[in-house]
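Listed after this line are the structures, all set down as structure tokens.
Two complexes, one shared chain (chain A), two partners (chain B, chain C).
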Partner chain A sequence: MMAPTQVDGPVRAVHPPVEGGFSLRQYPAFWRMASLALFFLAWEIAGRVPISYAFPTFSATFAAFLSMLFDGSLFAAYGETLQPLIIGIAISGVIGIVLGIVMGLSRSAEWLVAPLFIVLQAAPMAALIPLITFVYGIGLVAKTLAVIMLALPVIVLNGYKAVRNANPSLVAMCRSFQGTKLQQIAKIIIPDASPVIFAGLRLGLAAGFIGVILAELLITPTGIGDLITYHRSVANYAEMYAAVVSIILVSTLTLAALEAFEMRVLRPEKRRG
Partner chain B sequence: MFKMFSGLKASAAALAVGAALVVSGAAEAAKVRVAFGDIASVESLHLLAAFERAKEQGVDIEVTYLKSEDIAAQAVVGGQADIGVGGPYALVQKVKAPIRMFLQLSTLRFYPAVNAQFYKTWKDLDGQEIAVHSRGSGTEAIMKLMEDRQGIKFSKISYIPGSEVRTGALLQGNVKATIVDSAGRRLLETQAPGKFVILPLEGVSATDEALFANTAFLEKNAADVDKIVEAIITTWREVTANPAVVTDLRAKYKLLPDLPAAQVAEIVPYFQELAQGKAFPLNGGGAAAAKDDFAFYTLSGQLTGDPASLKVEDFWDTRSLDRALAKLGTK
Partner chain C sequence: MTIPAAVQTLHPTSETVVEVRGICKKYSEVEALRLIDLDFPRGKLTTLLGPSGCGKTTLLKIIAGLIQATSGEVRVNGRTVTGPGPERAFVFQDFALMPWATVMRNVAFGLELQGMAKAERQSIARNYIAEVGLTGFEDKYPHELSGGMRQRVGLARAFAVNAEVLLLDEPFSAVDEQNRRKFQEDLLRLVDKERKTFIFVTHSIEEAVYVSDRIVLLSRRPGRVSQIIEPKIDRTASPDAIRRDQGYLDTVEEIWQGLKHYVD
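Now for the complex of A and B:
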């Protein structure tokens, strides 16, 4: 599982502090920018060689990105792409957390439901998505379902593990204070499990991004999937790469914002550390 | 004496092995890898038969089926395939890929179909929604061309990939106006006779599929390319004269042996309809086809610039075709 490593907070906490000079601790933003700049430089060189006729340079891609940003085509595309993503994540979030908590609390629910989600999580979704169209056609329902198929297992399994591993001494404390079963769940178990549940939501959103793009590439081209397919079909490779990079950018920024929110609201102790 | 004989035998054997190696090496180098952008179906039977005929002429052809025309074009550009099937105009113009088309296989054959309950003519489509294959596709270009010619304006163009999907949507009533291929048209006519109107489409002529290859390959393998071009033109002419010959060719070369019976029954009607519609280019396209394509594909967005300023030699290598036509005559 990826959850525990993610939950442990930012990576910089793992590095020993470096003394003096241009250290990571003093200038983390600088080193991050340098890493990106190096990557873009390598891209530019690879594009100029060129490694393939269909591989644009970084500068051409960046120019295409700006032109798509200013002519509004990127915004229009995201308007379409975010629809199934948001609906799918909302449904997966609600169902996933409820199912996860129920499974964490009840062994029989766990035996009934867990195997399905473990199998779903291991299944190669790209192969299953075309099958959705046989039942649900090619509309919004099919795409939302693709998002749910990718996001739900992660959210359910994280929620279930978080609840199952709630701190036993806190639970014992609740019992010794004569707390009812309901109080035990609402006041002890769920608050204690919430950071890991939230991490599950974050991973679910990342999976949802994969789901929505797969759906747009495999079911019908809309939104970002349409930009990618269209520009590929008319050989505008810079625009095609720009669309691909934009979705990476959007998903990275969304996940980073969610992580920042998580740090601030759910685990203030980690921020200080 | 005996010793000398055995020495002779050894050197003869070495010579034989060497010759075999050279021959097999030459055969290896001469293998022509053809990349299709789609799986083999009834619609490619005549092409597969033509390849079999080229094989009989000594061209070693290996066919692979890829997921889309784009990927087939990338395979040719990248050198993993020698000949591709498709119409890579955009690829040639925008990234200057060193590939050229050398034979037109088919022209676009699509039929604008509308639900007769709502629409009867092109004019009725003014302000209405239509569905086409995808953005920048031939079907979209046809509909836009007709929009211009008829002086009408569609309210919205939606994208539904797959002619069979659009045909189904039309039959189910999810879509009221769209554009389908000849199989879709026949399905509409058999499933719901009189319920749909096929709108007239005149003067639209553009390449649907062509054969293309790297310029270096065309230089080096002119003899093989000539044989392929001749085989295809001969087959196309034969099929146009007698569409039923495709069934015989399929039996003779054991093509698509696993075809379900329902599709086997489709073979003759499919080729009959295309032959009647003169859909098989009998002279392989060439410069005339390229000129038509320039006009059509600038409209669809595949090509940019003034059609008159585009040069045939930047997109086509007609030398093999010219040699084949000199031999076979034009029709």
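Now for the complex of A and C:
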């Protein structure tokens, strides 16, 4: 598929091929492609055996994927699915990072808020989603809430741990040069915590994908959840698998994009060497 | 006058920058420092030397205002220390460089915190980057530098804020031996050039004798001042001559005899 070329294509293209001693070791993109190709080959064989009537081959799934892409049904589905996901992640991101930083800086905020999120993180969220429908119905609010419930705890807890574990030596350095408390937070603690905060955001986004799909499967079938449910009910297994693979693909690419953004914007020192 | 001679020696002269008076430090049940009284003369390099756990770094951080003493007080230019101040700058054992910032930003960071304009602080920083021999590395990040170079950044940062007193906490302990020697020589040159007061913590006897005007020996926990030594070494000689100088070797031996009984 297109994932490896999108992730590595532009970067790899810059490197000229090494003359003489050509070694595949220098092309990690090749190995990633090979790994995917092997997986798809195994899938194709398993589909042809077939291991189950309901298990389509890779080629049939790929064909179904292309047809859903061109008839627009995939785009329409993502238009619906991404709505609660984006709203939910935006809300969780802002609240989660702010709350995490406040908890990391203040013991009383930690005591007040941390237990709630530790319990929420440990709770099996799928069991709570039916409860949301009782209160908030089956609309956008309920689905957005499902995303928030899954994404927020991990974002909050990562932010809080990152800030609490900010390098004490750097904090002392800032104090020794008479940095104010505000400078300490803005110039030392938050930059020092940002890799872990971002890791929390990535985990939160991954959890948000789980949340939105759970909501679409458990609350009302809409968007990509509707595609999966519908094609399963009419035994279009290739289409069903294509929908499932597409959400994996979208989720992977989004996470890779977030990581690339972090590298570019927040960690200038990681771009070299 | 009416002041007894013994007390008079404890009183500050204009040449005393930092006065330590009756400093005690207890960490819950552990007594780290007991009744430390010390004067640090202006323009001199004084070393705090002692066995590990004698509280020498604790004393340095109390002088820096980074740690509160349990009792007693520290005065800098006659004023009691309540926290970090602009007349003192600290060099950290683990360098304490911001990994996300370039050498330039790290060196200028003390000035950045003071709110100095970017162009101005960068021109000062550039001067001290050159002073510690890092010209050409302004745009590098700390992880691209060796340990010795990182500590040079830490030193340049402390110089850049133009504090009177520089506090160095085992600055060379994370630097390899060859670089450490070169660094010690550079430090002596900077001590001579900058005319500042240096308070230096180390556990290396040779290092202390090589760089110091005065060496304060601290005893094992609870840390107390056990001896003050002023090495009589001709500092105009070349670094290699100093290391072979009889006065240097005798002082190292004298300190070792004093410290030997603390070693298990």
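Just so it is clear, the second predicted complex is superposed on the first by the 247 of 273 C-alpha atoms of A that agree within 3 Å, B and C clash if a C-alpha of one lies under 4 Å from a C-alpha of the other, contacts with A are read in each partner's own complex, and residues count from 1 in each chain.
Assume a residue touches a chain if its C-beta (ideal position, glycine included) is under 8 Å from a C-beta of that chain, and two chains touch if they have at least 3 such contacts.
All values reported here derive from a predicted model rather than from experimental measurement.
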{"item": "Touched partner set for A:Q178, first chain B, second chain C, both or neither", "value": "second"}
{"item": "Most chain A residues touched (candidates chain B, chain C)", "value": "C"}
{"item": "Partner chain(s) touched by A:D226 [first = chain B, second = chain C, both, neither]", "value": "first"}
{"item": "Which superposed partner A:Y53 touches (first chain B, second chain C, both, neither)", "value": "first"}
{"item": "First (chain B), second (chain C), both or neither touched by A:S108", "value": "neither"}
{"item": "First, second, both or neither for A:L170, with chain B first and chain C second", "value": "second"}
{"item": "Shared contact residues on chain A - chain B and chain C", "value": "none"}
{"item": "Complex interface listing, chain A residues touching chain B", "value": "52-54, 138, 220-222, 226, 229-230, 232-237"}
{"item": "Complex contact set, residues of chain C against chain A", "value": "64-66, 83-86, 88-90, 92, 94, 96, 98-100, 109-110, 112-114, 141-144, 161"}
{"item": "Parts of chain B lying in touch with chain A, wherever the complex brings them together", "value": "70, 74, 77-78, 88, 90-91, 93-97, 134-137, 159-161, 165, 301-302"}
{"item": "Chain A - residues contacting chain C, complex", "value": "167, 169-170, 172-180, 183, 187-188, 191-192, 266-269, 272-273"}
